[in-house]
Structure formats: C-alpha cells, structure tokens
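My structure is below; once you've seen it, I'll send some questions.
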Amino acid sequence: MSWSQNTFSFAPRTRGCYLVTDEVVEKVPEIKNFKVGLVNLFIQHTSAALTLNENWDSDVRADMTDALEKIAPESWTYRHDAEGSDDMPAHIRSSLIGASVTVPIKDGRLATGTWQGIWLCEFRRYRHTRKVVATIQGEKFK
Amino acid sequence: MSWSQNTFSFAPRTRGCYLVTDEVVEKVPEIKNFKVGLVNLFIQHTSAALTLNENWDSDVRADMTDALEKIAPESWTYRHDAEGSDDMPAHIRSSLIGASVTVPIKDGRLATGTWQGIWLCEFRRYRHTRKVVATIQGEKFK
Amino acid sequence: MSWSQNTFSFAPRTRGCYLVTDEVVEKVPEIKNFKVGLVNLFIQHTSAALTLNENWDSDVRADMTDALEKIAPESWTYRHDAEGSDDMPAHIRSSLIGASVTVPIKDGRLATGTWQGIWLCEFRRYRHTRKVVATIQGEKFK
C-alpha cells in the first residue's frame, strides 16, 4: 500500500471547458507506478471545477459552457457582485459540477471509458492559474 | 489494508433513473468482506451517471428524470447533435450528476442512510450496456 | 496506513447553505493525526448535500440558495409531494450538489484552497438533524 500526493497547476485559461487528461497524466507521473488504486484530483478554487465527460468532439465542451450559462446565468441579480458579473455564477457552477474527481487506476493507467476524459471547467473570464492537489493511493507494481 | 477492483455491467435500460443498490451489492460481493472502507463506483460513460438519492418512492425517480429534462432540455440548440437530440443534454446531465459515487463501508455493509440508495441515471433513449469500475479499499474482517 | 471512521451530526438548521469547515475539523479530530490522506464526508440524507465553495462572504451562500430555487423550483408540479412542496426540489438539489465530498489531508490539515470551505446545504425548511459518516485513510505522523 502506497501514497503519493503532490500539487500541480493548470496554466491560466479563459472561460470554457478543456480536455486535460493528457496534461494530468503528464503532471501526475506517479499514476503509472500503481497496479491498482484511485487518484483524487482536487481543485483548490471555487470558480472552476473538474469533471469527467466526452473526449472527442470539442463541440461538446462548447455546448457545456453555453448550457451552464443558461442554467446559472450572469443576467440574474446576485448579492455577491463586487468581483464582476461572472463571479457568482462561477461559484454556482463550481458546486453543480464539483471540485474533485476520483478516478480508478488499473495497471498503471486511468481506468476511464473509451470516450471519457478529464475536463477542467474554468468559469471566470479573467485567466487564473488553477492549483490541483493530486492524491493517489493504491498498490504499486512490485 | 486490502484492495479489490472489478468491472461489472448494468444491463441496457432506456432513459430514466433506477434504484440499483441491491444490484450493486450483488455485483460487488467483496463489500461484505470489509469491516471498514470505501467503495468507489465509477461509470465509464458520459451520457449516464451515478448518484445517491431516495430509495422508497419511484415517483422521486420519475420527477428527477423530468426535472433534468427541464434543467438541460433537448429543445435547446446544440452544436453536437450528430447522435440525436438526446445526446448533448445527456452529456450535460452526466456532469451535473457525476460519473462516480464514493460510499463508506461499515461492518460489511454500505453505510447509507435509512432512505438512501444508489441510483443509475440513464440519459439516452436507446439502451446501452453501462460498465462500472468498483474499487474497494479498507480493512477486511480478520 | 491507517483508517478512521466515525459518524457525527450537524444540529438542525433551516433551509440554506452553511459554512461548516471549523465544525467538521472539530467533530473529526483525527484529521490532525494524518500526515497525508483523504477524508470522505458522506451525508446520510437525500434532501441535504455537502460541497466545497467560498469561505468568506455569506452573500455567496445566500445567492446559492436562491439560485438552486431557480434551477429546481418549488413551483414545478411534482408527483412526489406528500411531504410538502419543498421535498421533491430538495431531492433534485441533493443530486445536483452531491451527497459527499472527498478532501485531501496534508500535514494534519485539510488541503483546501485559501478561499475554499466545506458547506452543508440544507434543502428542507423544517429543521432536521443531519448525520455524516467521516472516513479517513492515510498515513499518520510517526
């Protein structure tokens, strides 16, 4: 039984959903040392989120961004508006989508489905560096 | 400290929310060997989801299906529409609900509340087999 | 490698979102014994939820409560209505937000971001005691 925990950053991006599976595998190279396990990716921010979704058609990411704007729109009136009109909807969307994902590891690889990838959802227009804590637990290869 | 990981399938079902607690316990029999632990159930698809919700009244599942249709409706215009009008809303709903649940295990049983069960939410009309990776970690009974 | 699992309760609160980070740390004192690990907090109810969000401005919590009322409103017609008009929307919101959070532990503390805290979201008007199973796994300090 082994543990690995490290923090990495996603470079600043503007509002949108991004496929980051390859970047996660590169930034968390310990994944490949585990025969079986789970990796928890936890974003330390409240106006961005992590999720699993489609990994092939970038239109899905664009449609998701638009859908979240319809579900929790900037046009509503919010008490919390000092940081701009995109701030409070970003907080709402972050709890709808979630701050973390837990993905199984099998034979040194993420056990995701054929059409499934990890997405970073950025809800602010202004670009922020986003920090993620990656915690792996499992059994390493002998 | 022990690990168990296996993949199982849910038989194809049409669009709707389904109570699958008993089916999970049957398909992941290792749960009963753990005195304490966590089971992570991870669906390898992006147009279905897993969640915890009410385990008694099937009306709750029907109302949830209708509510998700209102929150992310088929009637919106999507870029991603080659697979049919129910495809992109399925992707949206899958990230709103989530691809995985993590449930505590206590004394060989899921430590769910009295009225709480595991739901499979299927968002496509056409029936698909759905694969789930079940990963358990914890301490087995001695 | 060590495990800790205990159940604690949140005192009854009326509908709203509440910042409960300090209360969690107090009720799960084992967190401070772990050098590295993960804590899973699992609410055993289907009309309340746990999430991570902003920890400074209580307006964010009030705006979230209002936003969830807009996203899954009481005014819709539901089949499941025997327990009152706030019951079915509570079930919907609980699956949108989620029954559990998994938070990394680093050096005996929750590895949350600067502006990030744990929220209890209570979706019923009538006050209920809410039970949470806290499961920690990790490496303790030597």
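Labels for the chains are A, B and C, by order of writing; each one numbers its residues from 1.
Here is the rule we go by: a residue touches a chain if its C-beta (ideal position, glycine included) is under 8 Å from a C-beta of that chain, and two chains touch if they have at least 3 such contacts.
Remember, it's a predicted structure, so these values are computed and weren't measured experimentally.
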{"item": "Classification of the chain B:chain C interface as same or different, half of numbers criterion", "value": "different"}
{"item": "Rigid-body rotation angle, chain B and chain A, from Cα fit (steps of 5°)", "value": "120"}
{"item": "Chain B and chain C, separation of their C-alpha mean positions in angstrom", "value": "20"}
{"item": "Junction residues of chain B - those touching two or more other chains", "value": "1, 71, 96, 98, 102, 137"}
{"item": "Touching residues (chain side chain A, partner chain B) in the complex", "value": "1, 36-38, 51-54, 57, 59-60, 62-64, 67, 70-71, 96-98, 101-104, 106, 111-116, 119, 137-139"}
{"item": "Residues on chain C engaged by chain B in the complex (per definition of touch)", "value": "1, 3, 5, 7, 40, 42-46, 71-72, 76, 78-80, 88, 91-92, 94-96, 98-100, 102, 131, 133, 135, 137"}
